[in-house]
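This is the structure I want to talk about, given as structure tokens.
Going in written order, the chains are labelled A, B, C and D, and every chain counts its residues from 1.
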């Protein structure tokens, strides 16, 4: 049921990875928190962290999504977690899903940054990693205890939750 | 692929749920943290929290394990996460596994309490919930990114990690 | 040396009290964290919390500073801590200092919000409370281990530190 | 009113500095948290951290208190904060107070470890540092918003608070 093959974690930024800049007085990006998160989670399977970009997903254009697609395509691992901003996670998941890579790619993120008290980041990462390592090859969105196939999900921005299209 | 059926979370105590008692100056049990954890995780699927017992798993006897078995048997939900101390998690998982309940029961816990900085609790809960909601009926141990069937797992107490028997 | 007279804590907002809004995806104000902070600090002297306003100090105008002055003037307690944004803390302290109220009024705040990991908020509040309860009547700015009289302090915004004028 | 002379922080252990050992499953001592605490507090005055010992204050004997006295005596700084376990903080403060060192020595600690959620450690350190840098030479106990002279303080262990003797 379980192998010790590595999972790749592709980091793109998003709320999950935001950092408080005390001089600017705002949330921004610095270094990714993912190495610290992986250590905190005490993960005992091999993971490869790849910082692909550090960007707010509202600022993602096609060229940014192409970078994620390329990283997924080049990854030697058959299972991938993509840490992504929630606002356009669905759009990037669609790009990966339509590419039919033959890999399991699970998108996740956070509604509250890892660096802020009461964050859902660690929960979502655990949830996504389990799915990446057990689900059949395809692209998924996994947030706050629900998992969706890439072609049947949307974000309700007013409520801050993901839901099926139909 | 995904349903909105509820998952039951059966709480038994363990390191996950320990609380610092400032008067006694030690980690002990008070109320379960699970309701706060579920809120922090912003879970959007229905979960039922059942505080079965609050106990260090080193103090668990057959009678305590019988309580867990009974709770799993009586649960109307087909998927269950059991939050359990790591030291005897394998023993309790065996009791549930041998009972062949026809439900998916995933045991998890934490190496560092939820209430302590740098805890793995939230990650493990997310990891376990994903497995409970997607794996076939059986009993599993899911910790720190690895999942084991109940009859092929042991805890290496010196290293604080779970591993297969063979 | 020490009395059990109450100290008033006048809350005006600022970085100290910012809260992450998961729907908007930004730091904003909701309810003040001060009641939770006081509980966490396990303070054993009487304190009265007064939420005067919840505002970013860059947005403070004379009318906002007049509200703080009025609150200090009306306070029955002889010792006051004002929780304030750092950007214009010096300007408000000057208003209080020039009014010569005959009370000890200590301004403090935070460079990192209380709700963000690694915050200096709790340290600064402890530092300010000690000064409020022991220093002679006047207005002071107390941040990150240094205390300044209201007429000899400025914020170096590039470095995020307070320093004397001369 | 304020100088930039350094303050020495003498670390002796106690609840303040306890660390969760995930393998042993208990709170114990490892390295002192004080360097991290000082960084978090963004302290802008010079401080010298001296790890004198890392011990539960219930285990302190006369020989341990002699080490603290010696460190205070040898310190080139005129102002000192001693981070100490709360159970016998009063006894060690008495040793320092009776020695009449001509320095301001402020004892503080925590009811909840720095490494546990909801800790009072940072607040108490800020409170103690302010007193060390402003009060006349003598020995003091400063906890949870109250300050006591060394010869008029006791800990009420049932309530977990400090109070005057008379």
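Keep this in mind: contacts are C-beta pairs under 8 Å (C-beta built on N, C-alpha and C of every residue); 3 or more make two chains touch, one makes a residue touch a chain.
The shown structure was predicted, so the numbers you read here are calculated from the model rather than taken from an experiment.
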Identity of the chain that, by mean CA position, is farthest from chain C: B
Cα-centroid distance, chain C relative to chain D, in whole angstrom: 25
Rounded Å distance between chain A and chain C, as computed from the means of their C-alpha atoms: 39
Distance between chain centroids, defined by C-alpha means - chain B, chain C (Å): 44
Residues within chain B bordering two or more other chains: 22, 42, 111-112, 118, 160
Arrangement of touching chains [line / ring / star / complete / other]: ring
Chains grouped in pairs wherever the two touch, ordered by label: A-B, A-C, B-D, C-D
Of chain A, residues touching chain B in the complex: 1-2, 40-45, 47, 111-112, 118-120, 122-131, 133-135, 142-149, 160-162
Residues of chain A touching chain C in the complex: 15, 20, 22-23, 25-27, 87, 111-113, 115-118, 157-160
